[in-house]
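Two complexes follow with subunit A in common, the first pairing it with subunit B and the second with subunit C.
Let's look at the complex of A and B:
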């Protein structure tokens, strides 16, 4: 499906395409010519006109106060939210108890045996090593807390996702209604989800689990719907001709046929749940994320890394094991017996651990990595910060980047008349998409103005634009290199894997050490975070270019540079556009968190909202982040959307 | 998959039995402990750790004594100052050991809702102010009066502050009037938020290493004074009530005796742990000693607490009696 729609415009003659673009622009210019003088006459101001804003601070503050005052008496809370919250607390507690009762030996054995059954011996060893490493780093209890939270969040996400996916897969009308919502939810920064749940549930595990579910369920729903819709028509007809009822048809044909998508959905849901469980430490999730957060408070990069490594290990293991499960989905039913053996072995190990009195990870078996890491970081800051001959120090680069790139872009954006920003957004979105995406983008941008956060939003936007530019230059260059050299790609792959699963938090402190405080380090963290996805998509896109086209170019005597410029890059255009889209979305996610290291603007407002319990400020900033994300996605999103980055 | 199955069965069973047990009763979410509390029958206490190191020191020592002398299991959760009040009221944390004064929250939870109980003073007095490094004062002795700050604003210029001088602020969660102060005292300065204390400290250490001038929001007790000696800039003196209207503040910050607060239920039924936390009281020097070990010598909070506990038996023995 995707390839058909994606290749259709390319099949059109170039002249027609240009013609259509020109038409769109002409129409837009016409509309602008009528509306702009009108708007300008009425609200003549560079920034968003004050007459067109709505101040939500008062109603939001009183709503937040009302909730806090009535949380223990109002029936809505006592009979609805209270039960949800209770159920979450009790389930997490139950899972946590089970994990603690199994002891470290039991959990490790169980993990390894599951990995062995699903994915083979190598992954089983890897899983065991990962769990043992968590213990060695002194993070066993924290890992179990995160795992308990994850198990509950993933189960709920899967249930919610499958139900929504079934609905969308079976009903065309629901599909049309749900798809834009799910699409949008996937491009929003995780941070934006935290405030609304805190408003209702307060700080703590229930809010964290619910935010995780909201963040992690969409991929499951999307892929379930995709799997159901993609089922082979002939098989379905065959089932129909056998006289199967609709439920029978669903259970015996459509769901089994969609197994691959379902497992891919599970994989993505788990990865997203993990990344959210870490960020949710800001609202009291506890576990590994909280250790990272606490370590960052005392500039302890080493301790942050000690908690960050288990997160990365968990992520890699979960990703590989569920990925392997997805690849094996085609094979036919295996016997249950090995599973029974595996379960028995796990129980035996757990019992042995229990009898030996070694349930908790022994303190003497921990290994402190914090100190050597901190020494390395100290050395780095001492020698690279400033005054390095010829190239200058990192702090000088950051200063130049701020003065020569961030400041001009920001004052340029903020200096533009408000209606011209809307026009540019409309033009970009319409050129690349339909009038509908253009309208969404313009409305999102206008909503930012109405919320009264026009200036800080443009500040955030300027940081995003600058960081995206750097990301794309570096990402395309690395991606091209990786596509040309197998050896380089093999070296690069594990690095990319690790970088893609690291919690966003961990990036923040080393960039502060290197670049100081301000918008430059926030942008740097964003670049590092978004780079792997851009590199990967670019390399894949270039590699998938039709070998025949490349061969013919070569036979015509094109140099490698010519091949790249005239054959590979044009043919990989859809992949490159996707890379831009992903780059923008990921950069925004981190620029927002950059509020923690002096990024200012919207990120600061939402941190401030969470930190001061001033939900009005936070929610307005959160809404603006959502609008900004929506606008950026629409402006960079060509034709069909593809599967998203896992974490 | 096997594990997933079994846990899901367990979870549904638990949730199901919960619904059966409570029937149509009310579920008060403001009375829920953390799901990680009281695991395996151990008595447990959940302490709120704020993001600055002094607060970590309080918690580290309290945690060490609770675990090793009283036999509790201690969980810590990092929550910012204001949200911590809400979490405390709901029982998701049992105690805050260092509060810098939040009259609104105190009125709401302690006086009106009675879900939080006062836990007495911490013994440490906190003070917020504007500071410049002492090496700068040696070059420009008159810089320590706010009236002379405009004269020196060009010294503090950075890329982030544009044409003005930079006044560096820390975490958005901390108590601050700095934007209003700069405005009302007509200072040629721009407040730049580092975003977190970690970021601010890193930045200050960098400046200090190169002996560059900087002006910063800072507070005592703070371990960093031992590494980077700083002198306070005199602001117009604090008078009772001069900071009631946040937009019109034009005076210095007060000296605040830091307070402890306990969840009301925990204060009543918390047994030894609650009694211990109410008695917990130490001096600024004690706190700084532990903070310095954690933040500068990079000891883990537990090691630092052990070191302090081993050498100050007379102080903590009084808390246990």
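Let's look at the complex of A and C:
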């Protein structure tokens, strides 16, 4: 009886949905029936018609040349961008000098003491160990370079984010304006931010810091606004009822009430800043990312790993410490004294290090892992790459994946008539969303054609589709398993935690070791990067299914498989759609970075355009990446999510 | 209570309409006569408070009662313009509240009227003491002074020893004591309560009601008390305004409401009240002289019928109702039973 009444009301919207879906498709077919013959008659070609492209190379090249020529003379650059650039360079350098002056002992002590105050003894030990490991790996200086850049970038991001967040949190009008922009920035690959800043600032630290700020500030802004808006209405009413002025209301109630969100925003901003600071090595950020980048360029896995491990350690430590700060929000005492002791202790250690003449990490204390790692990789290359009995070698797998999956998908996509690609995009986006999302998606896809990068974009798209398919199969299977078994979930959780905190860049290292270079490794890195989020969202969605619905199914004697198919999966549909959306966004972010390890296509165009000073090619590729990201997000963005966000 | 005292709050023709073009509703006789559902269908507006008038006298507990959605919260918030009224006048001590500018309004909220909320509205990141001192902090009172004053109030509401706790470490009743203390700390002329005890368990609710009765007895502060609970209204209220769909359907003493309901709605509302706990012998008596000067079982006119029943049952004889040595009337078995049964001759509603 229970299921009968439960399913009856659900049948109605379901039927309605199908009905509406059919309507949409019918309408689209009608439009297509009129437009396609017209378009086909005019520009009959499989690929995007040349007549419909606009060559931006010339204007972009001349623009970039103009900027390069005028950087030292034009007042805009001299008095605005120049000042920004100088300020960034000076502050990064200042932080770097302070870190060096504190010496390795001072920095380690400071890190550990901060972690101790914020998160307890265990994380303090972990932090100290992480810093020492950076030194042991011979990466002390590189770590400090990255840290200096991060400190400046995070400070600026937080200021920018908080200011924007305050604006959006306090004014409905600004919120309506900012929200779609921030939402969109959230789904764009980190890579896409690099080229525009290079156009203005040239390669180097200022560009890296600014790209990092642009990438890392949005979460701070979003969460600040969210926290301010989420405040308990009655508390604010109580504050008003006591006659508080607007500034009093903000400072004594709204901001403290949003403390949890603010700290979560800080956490996300720091993690995104680290991720970007590493990727920005491509535009001259230096530091750890640069070591990885150089090593990967020469396929030196050992050296890449030596720089990659500190990145991972830094990521885990930063995430845990800032996360712990968020959890403690509101509980800790306000006393300043322990902080003073901690600061004094750190200064004492730094001075001791200075007096002992041991500021720099001693060379004799480093341990070169590059060589043994490379030996292991060589052994792997010799023994595991191919010809392993029964299972085949890793390179064989990569080869097969390329031959049997990537190539057919790519040639299939590129062989499709251009208008049919647009039609498919429109149909998918409209079915899952509204006509607005469909329009955005189609326009984004068309823009790719107009930019004249239809073929490489479809190449990137084919990698994304293949990687997403693998991610979803693995992710859903693991997610279902994790939802069904508590033990498996407990085992999985720490693994997911670590994987979700790692910057995108480091995923390239192990795949190069395993699969060499090419499109398959790029796709593999994307899969590994996107998998944790998909697993997590799937498991959570399944676990949150109404227990009453499950119980009634069980009481009717449904088998576990039936329960899953008939109750859990349908009810978890919104979560599964969100998992698809996240999977697509994350996969794209890494697939384009895969251009660095032989992924080719748009990722390659944008970096190597950059490396060869051919900014125009790079910018066009970057714009295509943005369009692709926009299109993929809209095509997979369920309407429910929009509605919930709007509420 | 001196009725001639100037009222603390004087509300006249108050309207609050939510929705598009709300301003036009109170002015349009065609719309004001509509039922709420019709009005919403026609204009998309909700009239939460409709043409309400009343005075709150100095020192009384003025209760506004009604079912959920009847507009009580909106009404009480209009008094200090936490919600901006749409039409009508509100005066506090004769001063027009709707004409106040920002700073004057702030002064009103800081010193003259403080509010206690249903879900407490405490600041979770502050200790009990700092929550209680919050109103004083807003006013700019120095740290040591406001703490000292807050400490006094904390003691007054029975929270000693919990000063350093956070709201999350308190029970619901204790939290509302903090809410009450925060309002008391600013020493306001009027206390406004918006269903302060609705979120509490019944036993704790009773404690808190007694706390309010005690405070009122000790300090005599004017109170406006919102509730949806009839027994709470009868227990606390000197006068009760009963609201329905934004309108006040009856305003009177508990005895008037119970004894002479204005219409069927009110009658239905008070049907299950133990009338002997509300009605007084002054209403129940048969007027006239009892003869003689002995006044057997003499009762004061404001004595509850429940107490009179005890006296009459014990003596087995009718009792006299005596005020200042003058006999006003007599209550006997028949009269008293009539009250309990709800069949006594009704007076018209005041």
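Basically, the second predicted complex is superposed on the first by the 593 of 647 C-alpha atoms of A that agree within 3 Å, B and C clash if a C-alpha of one lies under 4 Å from a C-alpha of the other, contacts with A are read in each partner's own complex, and residues count from 1 in each chain.
Basically, contacts are C-beta pairs under 8 Å (C-beta built on N, C-alpha and C of every residue); 3 or more make two chains touch, one makes a residue touch a chain.
Here the structure is a predicted model, which means the values were calculated and not measured.
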{"item": "Subunit B versus subunit C as contact partner of A:72, first or second or both or neither", "value": "first"}
{"item": "Partner touching more residues of subunit A, whether subunit B or subunit C", "value": "B"}
{"item": "Partner chain(s) touched by A:499 [first = subunit B, second = subunit C, both, neither]", "value": "neither"}
{"item": "Contacts of A:488 with subunit B and subunit C, given as first, second, both or neither", "value": "neither"}
{"item": "First (subunit B), second (subunit C), both or neither touched by A:397", "value": "neither"}
{"item": "Touched partner set for A:89, first subunit B, second subunit C, both or neither", "value": "first"}
{"item": "Touching residues (chain side subunit B, partner subunit A) in the complex", "value": "1-4, 7-8, 10-11, 14-15, 18-19, 22, 26-36, 39-40, 49, 51-53, 56, 75-87, 90, 92, 108, 113, 158-160, 162, 168, 171-173, 192-203, 206, 209-210, 294-295, 298, 300"}
{"item": "Subunit A - residues contacting subunit C, complex", "value": "232, 234-235, 237-245, 248, 252-253, 256-257, 259, 330"}
{"item": "Touching residues (chain side subunit A, partner subunit B) in the complex", "value": "68-69, 71-72, 75, 77-79, 81-83, 85-98, 100-101, 110-111, 114, 117-118, 145, 148, 151-152, 155, 198, 201-206, 281, 283-284, 286, 290, 293-294, 296-300, 302-303, 325, 339, 342-343, 368, 370-371, 374, 381-382, 385-386, 395, 398-399, 402-403, 407, 508-509, 512-513, 516-520, 594-600, 604, 607-608, 610-614"}
{"item": "Subunit A-touching residues of subunit C, taken from the complex the two chains share", "value": "77, 80, 82, 105-111, 114-115, 117-125, 134-135, 137-139, 166, 179, 182, 186, 192"}
